[in-house]
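Shared chain: chain A. Partners: chain B in the first complex, chain C in the second.
Take a look at the complex of A and B:
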């Protein structure tokens, strides 16, 4: 707990809140712009359209955003060569866990705020029906877990390499594969860690090429996909932690 | 003097693995674009032109601006670390020339990236067995893409100069690419540097049209404005070496 508090102290002036607000602003502008182009017929399924678009935007924006958040938190240790000092007071494993917990708190705050903002957008836009709070909550929870899986990968890279280019290039690749994997067959998407944003979305789209009619429907994520997500997270966590713990500082 | 500074910049980048990103990352859109083309042969019937539309789909908007952002952030990172600002600013060369060398190198990387994208496009076309002649406009698409890339490099060099960290300017590169998409959709693409990259490459442009004069004018204006602002910052701001 003390180490986690220290992580927040370290990131005091690193403009993490500004970064999260920028991510939120981009997503809001994107979603609102796309909503303004929909007619009344499309907006009959407003809540589903909103969550579907949000998953698509997340697949593009979140991989690089998570990479940047992880990089902001890990880069300072390289810049100040602080690990030599820190590891005389705390074990590397505890430091790694504290950084991961810091990422979990920041991402949870970002995604909760995001959920509240877009629920507000839906209410203001007067989407038909009640706010689907349960699905909104589940959507936020699932996307937090996916983001944490990506965060574990990015933290491993950002701590392993002093030069943040490696982590950032991985983030760019993630953003690119994240959106493109929505076009893949599901079997292939499961092999792409960033593809889980699209894979675990609670809304699916059905498009009829003859009538050109688009229809959204609710779905629950496959348990096997959730298990695979946990497996990916466990792999990134174990490898990243082992690399950090064994690293000579 | 610019040439000597450029040689120094190239030397600084020696053994830097950043070129690997430029070599490997464009392979993804090429492979995926080709796969998407093969999966939609019923709809995509313009052979090379359809294949180009799939190769440039997403990549020019989200991926290339961020990739160029990584290179520009890399270039300033060299100065931000190891007390290098002190030697950079006390070199017996004007800051304009020092900055110019970085911009020329970034422009060279933009051109090389486009060349590699072109090679991958031709390879993919041959592999999928396209029989039509190669589009004669291809060098123009690539060259215009590179010119749009230079405007992006100007903006990214400015961001990475002002923000003394690696990650935020790269994220802003991605945001710029997304904003470029919105701005292009609103019809203001020629006025925004990040839109120039996709406009130049004719991404999402089935008619493959481009108004060359406003495009070149806008790219030159943005590059010059960013360069002048960067040089002004270099001349006036005190350096803080780490």
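Take a look at the complex of A and C:
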């Protein structure tokens, strides 16, 4: 807990809150713009449409956002060559865990706030039916886990390379592959870490080419996909941590 | 008691042995000057002592405890360090930087003010470290090292980048630490003059090997006066000197003799003349510390 508190202390003036608000603002503008283009018929399935669009926007926005958040937190250790001081007071493993926990808290706060904001958008837009709180909660939880998997990859890169360009290029690539993978067959999407935003979405779309009618329906994520997600996260975490602990400063 | 002891300490990078079979012994309460040219292995050795770099072979004991990876942090609670450049968070103030170290070390908050006063940064504590000069950053690094008033302080090239006034100030501060706080200080440098002005005990490292380790007085002892004699036939002269029990060494064209009394020198010149040996040169010489450093390290001393 002491190390986690210190991570927040170290990130003073790093404009992390502003960065999160910017991510939220981009998503809000995107979703609201998309909703204004829908007619009343489309909005009959408003909640599903919202979560479907949100997953799509996340697939584009979150990989890069997560890369930037991780980079903001890790870069300061390289800039001030602080690891050679910190590692005389705390073990490298504990430092790595504290940074990961910091990312988990920041992403949880961002996604919870995001959930609340878009639930509010749905209420204001007067989507039919009650707010699907359980689906919203589950959606937030699943996307937090996906974001943490991506965060584990990004933290590993940001701590490994002093030049943050490597991590940011990975984030940009992730944003590109994240949305592109939604067009891949599921088996291929599973091989793309950023593809899990689309893969684990709670809403699926059915589009009839003849009637040109779009229909959304609820679905539960495949257990195998959840297991694969955990596997990806475990691999990124284990490799990233091992490289960090092994590195001599 | 030795505060630091290493036995047969080695560090290999690829095929190159950067630190070779090092047996350091740092006595308690002294200022230990760790001297060597750039790239000799000083920083690597100090990092191994702190557990930041894993030794390839050998054993390290700090404050009587073995520095195994597992419990090294317990030992390091009593050790302050400043390795190479100072570590800092540029976007935080000096005081905030020290608060991080204070929290990690678990020492009283009042120590922050005290160490800021010791390094004379109390007037700048609210300023972002990114706006500090290099000298101020160096002093902040020293303040962080001093924060827990450790028994052992390891400073790697602490005067790097400082102006002459800053060097003088840092030197005075380091020299005062053993007496004021009972600390043992290990200070590394490639500057002979710096170590000469600070250290009680000196270790000289060359290409990873410890080539000298003793008190500074013993190092100065190596710089004794001697006579250099050159004759028309040094071989015969050497034999005559041996007959008179005068020890001498050949060094180039010269025979190097200890300082002799005037009577013995006069007797020697008469003896050489009797054997028809001409005295071409007879000089009184003194080895400077730089000469000794040069001999020990095989490199020009940085002055």
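The definition used in the following text is that the second predicted complex is superposed on the first by the 249 of 249 C-alpha atoms of A that agree within 3 Å, B and C clash if a C-alpha of one lies under 4 Å from a C-alpha of the other, contacts with A are read in each partner's own complex, and residues count from 1 in each chain.
We take it that a contact is a pair of C-beta atoms (placed from the backbone, for glycine too) under 8 Å apart; a residue touches a chain by one contact, two chains touch by 3 or more.
Bear in mind the structure is a predicted one, so any value in this text is a computation, not a measurement.
In the superposed pair of complexes, A:87 makes contact with chain C only, with no contact to chain B. When both complexes are overlaid on chain A, the residue A:43 reaches neither chain B nor chain C. In the superposition on chain A, no contact is made by A:235 with either chain B or chain C. Shared-chain residue A:79: touches chain B and chain C both. In the overlay built on the shared chain, the residue A:248 is in contact with chain C alone; chain B does not reach it. Residue contacts after overlaying the shared chain place A:19 against chain B, while chain C stays out of touching range. In the superposed model, A:9 lies in contact with chain C only, and not with chain B.
The wider contact with chain A, measured as residues touched, comes from B rather than the other of chain B and chain C. Residue contacts after overlaying the shared chain place A:97 against neither chain B nor chain C. Annotation: chain A residues 79 touch chain B in one complex and chain C in the other.
Per the touch definition, chain C reaches chain A in the complex via residues 47, 50-54, 73, 76, 79, 81, 83-85, 87-92, 96, 99-101, 103-105, 129, 144.
Within the complex formed with chain C, the residues of chain A that make contact are 2-3, 5-6, 9-10, 12-14, 76, 79-91, 248-249. Touching chain B in their complex are the following residues of chain A: 15, 19, 22, 26, 29-30, 33, 60-61, 64-65, 67-68, 71-72, 75, 79, 163-169, 171-173, 175-177, 179-180, 183.
By the touch criterion stated above, chain B contacts chain A in their complex at residues 17-18, 21, 25, 28-29, 32, 36, 58-59, 62-63, 66-67, 70, 73-74, 77, 81, 165-168, 170-171, 174-175, 178-179, 182, 185, 242.
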